[in-house]
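Two complexes come next, and they have one chain in common, chain A, joined by chain B in the first and chain C in the second.
Moving on, here comes the complex of A and B:
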C-alpha cells in the first residue's frame, strides 16, 4: 500500500461533487423545513417557525391523499410485477432459439426515457386516436376516457409501470433461477415431492436474496415515480394520480412556499426510508424463522 | 400430456414471441403515429404500416424547428459532458478505493451509493434554491445553464460509474501497477498507461449507460432550466402542454428521444440488469 494521501486526492473530486449535489441539498432542505419562507408572502424573508410546517402537513389532506395514492400504486405495481416477473422467469429459464434477441427486446423498456414511456402510452390512450379506447368501445362498449374516470387513469398508470419495469424483475429473477442448485430439486422429485412443495421449500428459500434485492429496487423506484405519470395523466383527473413526487413538484413550485415544501420533501424521504427499512426487517425476519 | 406440451421448446418459443410483441407494441404504435399523415391518424386504428402513405414530414418539421434543435443540442452536450466527466472521476475514485488504504472505506462506498437511491423530487426544491441563490455571480447563476445540469446529473451517474468501475479496476491484477511503480512510474503514468487501456471496455459500458441515463433525465431538467438549457425530454413534455394536439410531431419527438437508447441496447444489454440492481444480480 502506497501513501494514502494520493488515494484521497484521487477520490476527492468525486466526494466533493457528491457533497455539493447530494449532501448539501439534504442539509439545506432540513434547515429550511424549520422556517416559514414564502417569496409571495407579505413577509418574503425566511424566519424561524419551529415545527409549524410539519404540524400543517399532518392536517394537509391533499398531501396525505397523495401519500395514500403513492402507497396504493407502489403496492399494486410491485406485487403484480413480482408475480408476473416470477412466472415469466420460470417459463423463460428454458433454452430457446434466438434467446439473446428475445432478451434484448425484453430489455428495451428499461432503457427508454420514462418521459417517452409516458408519451407512448398517451398515444395509445387518446380518445379518437389511440387503439385502447377504440377497441374497448367497440368490443366491450366501455367508454374509456383517462381525463374523466379516476379508476381508469389509475389502472392505466399501473399497467404502464408494469410494461415499463416488469422486464427488470423478470431478468433479475431469471438470473437467480439460473443459479439454482440442481441436486436438491432432483432429489426432492425422486422422493416424490409435489411441484408446489419444491417451489415453496427449495426454490423460494434459495431465491430469497435475489427476491429481496428486486423488491427493494422496485419499491424505491415506484415510490418516486414522476415522469411517465406526468406525461400520461398530468396527475389527473383532479389529483387522482398525483403521486407524492408530482405533488411536491406541482403544488410547491407555483406557490413558492419553500419552507412548507421542504418539510414535505423531508417527510417523503423519511417515508421511503421507513418503508424500505420495514420491508428489510420483515424479510430478514422471515428468513430467520425458516431456518 | 398437456403439461409436457406447455413445457415444450416450441411453446416457450411462442411465448417469448408473444411477449416480445407485447413489449414492442407501444413503441411500434408510436412509430406508426410518427410516420402517418394527419388524415390517417383518426378512425379505426390500423396496426400495419402503409408504405405508400408513409411520410417523414413530422420528423422534418421537428428537426427544422430551431427551438427543438436547441433542445437536442443541449441534450447532446449535457449527456456527453456528463458521461465523460463521471467516467473519468469514477475511474480515479475506483482506483483509489481499490489500491489505497483509506479510512472508513466501506462507509464512503455506502454513502456514495445512497446518492443514487434518493428520490429526486425530494431534492428539487433545495437544488432550485441553491442554483438560484447560492451559485450566482452578478446576473449569472447556475440556474438554466448546461453546466448546472452536467454537475447535477453526477448525483445519480457518479455513484453508478464509481460502482461499475470499481469492479473493473478490482479485476485488473495488482502486480501490473506494482511492477510499474517499482520501475519508478508515477501514479499518473500508471493510470494512463496501465489502468486506462485495461479498463477501456468497462469504461465504454460506463460511458454509454451514464450517457443514456443523462439523456433520459427529465425532472431536474424541467425544474432547473427555463429557456437556454432545456433538454429534449423537457421539449417532449412541452409538446403535450403547449401544442397538445399535434400528435404526429409529439410521436416524432418521442421516437427521437428513445432512439439512442434503442441503438445502444444490444451493446450494453448484458450490463443493464447488473447496473440497475447495483450488481446484486448478474444479468
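Moving on, here comes the complex of A and C:
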C-alpha cells in the first residue's frame, strides 16, 4: 500500500499540470458549448441554450464548407507527403553522393516556426515583390495572384504544407527503413521476386507500424492547420482557404461568439477522432479479421 | 538439379580479401558442407553462389552455364537462412507459396504444389497459421518447404540448425539428410559444427582465413588431414599434438621413444584419443593430470612435458592423479606435421 501511495505522490505534479492545462479547458469548452454567449450581443451574458449551438452547426454552410476544405487539404497534403517522403527516405537509405548535405538541407524546414513559414511564403508570393509571381509571369505568362484566384491560393497552401512537413515523414520513414531486417528481403530476392514485388509484399508490411504512426501524426496536424495559412492567405480569397481552425478562430475572437465556437471545436475534435479510428481500422482491421 | 563450379572465385572489399581464389567442383546431387570457424568465408561463399554478394573475380558456373553476374532470380537456387527469414505477415501456406506467386503460377497449381511441399516436411496441419504461432522446428520446416516448392537447381542452407535446441537439431539433421537423399538434389550446407558436417556431408570443404584447407569425404578429413588446422579442427576431443625432434628416422622426446618418422627435423606428432592403447611397455608415457568420466568413456588427461594429451579409456577406468601411465599407438595412427609450416608429412 505504501508503495502505491508513494507512486501516486510522485506523479501527482504531472497529473495536476495535465488537469490544469488539459482536462479543465476541455471541460470548460464542453460547458460553454451549451451556452449562448456572445459579448457583442444585446444580452452579452452567457445563458443556457441546450443543444441549440449544435443544431445551428448542421445548417451552417460556412462551417460545412470549411470542413470540406479541411478534408480536401488534409487528403492532398498527407498523401503527397507520404509518397514524396517515402521516395526520399528510400533514396537516402542508399549510398548516394552528398547524402548528408541533402539530408541536412531537407530537414531545415522542420526547424522553422509555422508562422515564419507562412511569412516566408507570403514574401515569395506577393505580387510585384515575390519571385514566384514574377517568374510565372515572365516564363509562362501566368498571372499568379493569391488574393484573386482561389485555386492558386489552395494549391499554394498545399505546397507550403508539403514543403514544411515532408521532412518529418522522410525522417520517420528513414528510421523505419534502416531497421528493416535484411534476410526476408534477400529471401524474397532469391525466391524470384522483382524489386517492386519486394516493395509491395515485404517492405510495406514491415513498414506498416511506422507508416501508421506517421500518417496519424500528419493527419491530426493537417486537420488543425491554422498559423501558416493565416499568415499566407488569411483564409482567403473569400473563404476559399478558411480551414476549420481558421473558421473557429474567426467565430470565437473577432465575432466573440464563444458558445458557438466551442461547439465547433468539439465537433472538429470528434471528427478527427473518427477519421483516425476509421483509418486505423482500414489499415489494420482487414488483416486481423483474416486471422 | 545441377552441378556448381567455382573457378578461382575471389571476394574482396577494397584492399581486404575475404576469400582467396577458390576452386571447387560440386557434382549434381551431391551434399557438400562448407565447414569452418566464424569469419572463415564460408557464408560469403554461399552468398556468392546465391547471388546475394558480387564476385570480385573468377567464374561461377551452374549446370554448365556461366552465372557469375546473373541476378539471384535467374539462378534458380533456393536458400534457407539461419533465422529462417520467414515473412511474418504471411501464413505458412503463403510463405511456402511465395516463390510460386512471384513466378505467376496459377492458383490451382500453387495450392497443389504448396500442399505437396508441406507434406514432405509434415506441415499440412499448420498451413493456415502464422510463423509467430509455430515452434522453432516448425519454422525451420516452413523454410525448407519454401525451398522445396519450386524445384530449384541448387539448395543452399546457411547454418539452418543452429537456432534449434540440441535434441531437435539431431532430429532435423537426419530429416535434412533423408530429404536430400530421397530427392537427389544438390545441396550446399554451411556450418561451423563439425559433427553436423561429418554426419551430413558427401564431401566436406574445410575453410579457414578465406582459404580452402582441405576437401574430402568425412572419413578422409578425419583420418587423413592435410595440415595441423584440419587435424585440430575436426574431432571431439580434438587431436593430440606432441612436438619433438626426429633424427635418423626416429621421432623422440622426453616422453616418447622410438617412433618411426618419415623425415628428420622438428616435427609435430598427432594422434587421436581413441587410437590409444594403455600398455606397460608402451612407447609413450605421461603423468595423470585429470580424469574426466563422460559415462560412455573415461577421458584421461596426461601431462607429457610441455604438451597435454587426452586418452579415451574404458568407462570404469579411474587412475589416480599424478601416477605415470604408459601407452602406445599403432604406427599407422601416428600422423606427422612439419613444425614449421603445419603441413602434413606422409
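Following the convention adopted for this analysis, the second predicted complex is superposed on the first by the 272 of 291 C-alpha atoms of A that agree within 3 Å, B and C clash if a C-alpha of one lies under 4 Å from a C-alpha of the other, contacts with A are read in each partner's own complex, and residues count from 1 in each chain.
In the analysis below, a contact is a pair of C-beta atoms (placed from the backbone, for glycine too) under 8 Å apart; a residue touches a chain by one contact, two chains touch by 3 or more.
Please read all numbers here as calculations on a predicted model, not as lab measurements.
Visitor: In the superposition on chain A, see if there is space for chain B and chain C together, and answer fit or clash.
Guide: fit
Visitor: Which partner does A:7 reach: the first (chain B), the second (chain C), both, or neither?
Guide: Touch status of A:7: first partner only.
Visitor: For the superposed arrangement, I'd like the angle with vertex at the C-alpha centre of chain A and ends at chain B and chain C, nearest 10 degrees.
Guide: Taking chain A as the apex, chain B and chain C sit 90 degrees apart.
Visitor: Touch test for A:187: chain B only (first), chain C only (second), both, or neither?
Guide: In the superposition, A:187 touches chain C alone.
Visitor: Once the structures are superposed on A, label A:128 by its partner contacts, choosing first (chain B), second (chain C), both or neither.
Guide: The first partner, chain B, only.
Visitor: Under the stated touch criterion, which partner chain does A:202 make contact with: chain B (first), chain C (second), both, or neither?
Guide: second
Visitor: For the three-chain arrangement built by superposition, which of chain B and chain C touches the greater number of chain A residues?
Guide: Of chain B and chain C, the partner in contact with more residues of chain A is B.
Visitor: Applying the document's definition of touch, where does A:249 land relative to chain B and chain C: first, second, both, or neither?
Guide: In the superposed model, A:249 contacts chain B only, not chain C.
Visitor: So, does A:155 touch the first partner chain B, the second partner chain C, both, or neither?
Guide: neither
Visitor: Rounded to a whole Å, what is the shortest Cα gap between chain B and chain C in the overlaid structures?
Guide: So the smallest C-alpha to C-alpha spacing between these two chains is 13 Å.
Visitor: State the interface residues of chain C toward chain A in the complex, per the touch definition above.
Guide: Per the stated touch rule, the residues are 50-52, 72-73, 77-79, 81, 83, 85-89, 98-99, 102-103, 130, 146, 150.
Visitor: Touching chain C in the complex: which residues of chain A?
Guide: The contact residues of chain A facing chain C are 181, 183-184, 186-194, 197, 201-202, 205-206, 287, 291.
Visitor: Residue numbers of chain B touching chain A in their complex, please.
Guide: The touching residues are 7, 9, 12-13, 15-17, 19-20, 22-24, 26-27, 29-30, 33, 41-42, 44-45, 47, 89-90, 92-93, 95-97, 99-103, 108, 111-112, 114-115, 117-130, 151-152, 154-155, 158-159, 162, 181, 187, 212, 215-216, 218-219, 223, 233, 236-237, 240, 247, 250-251, 253-254, 257-258, 261-262, 264-266, 269, 272-273, 276-277, 280-283.
Visitor: Which positions of chain A touch chain B when the two form their complex?
Guide: 1-2, 4, 6-11, 13-15, 17-18, 20-22, 24-26, 28-29, 32, 88, 91-92, 94-99, 102-116, 119-124, 126, 128-131, 134-135, 163, 167-168, 171-172, 175-176, 209-210, 213-214, 217, 220, 223-224, 226-227, 230-231, 234, 244-246, 248-249, 252-253, 258, 261-262, 265-266, 268-269, 272
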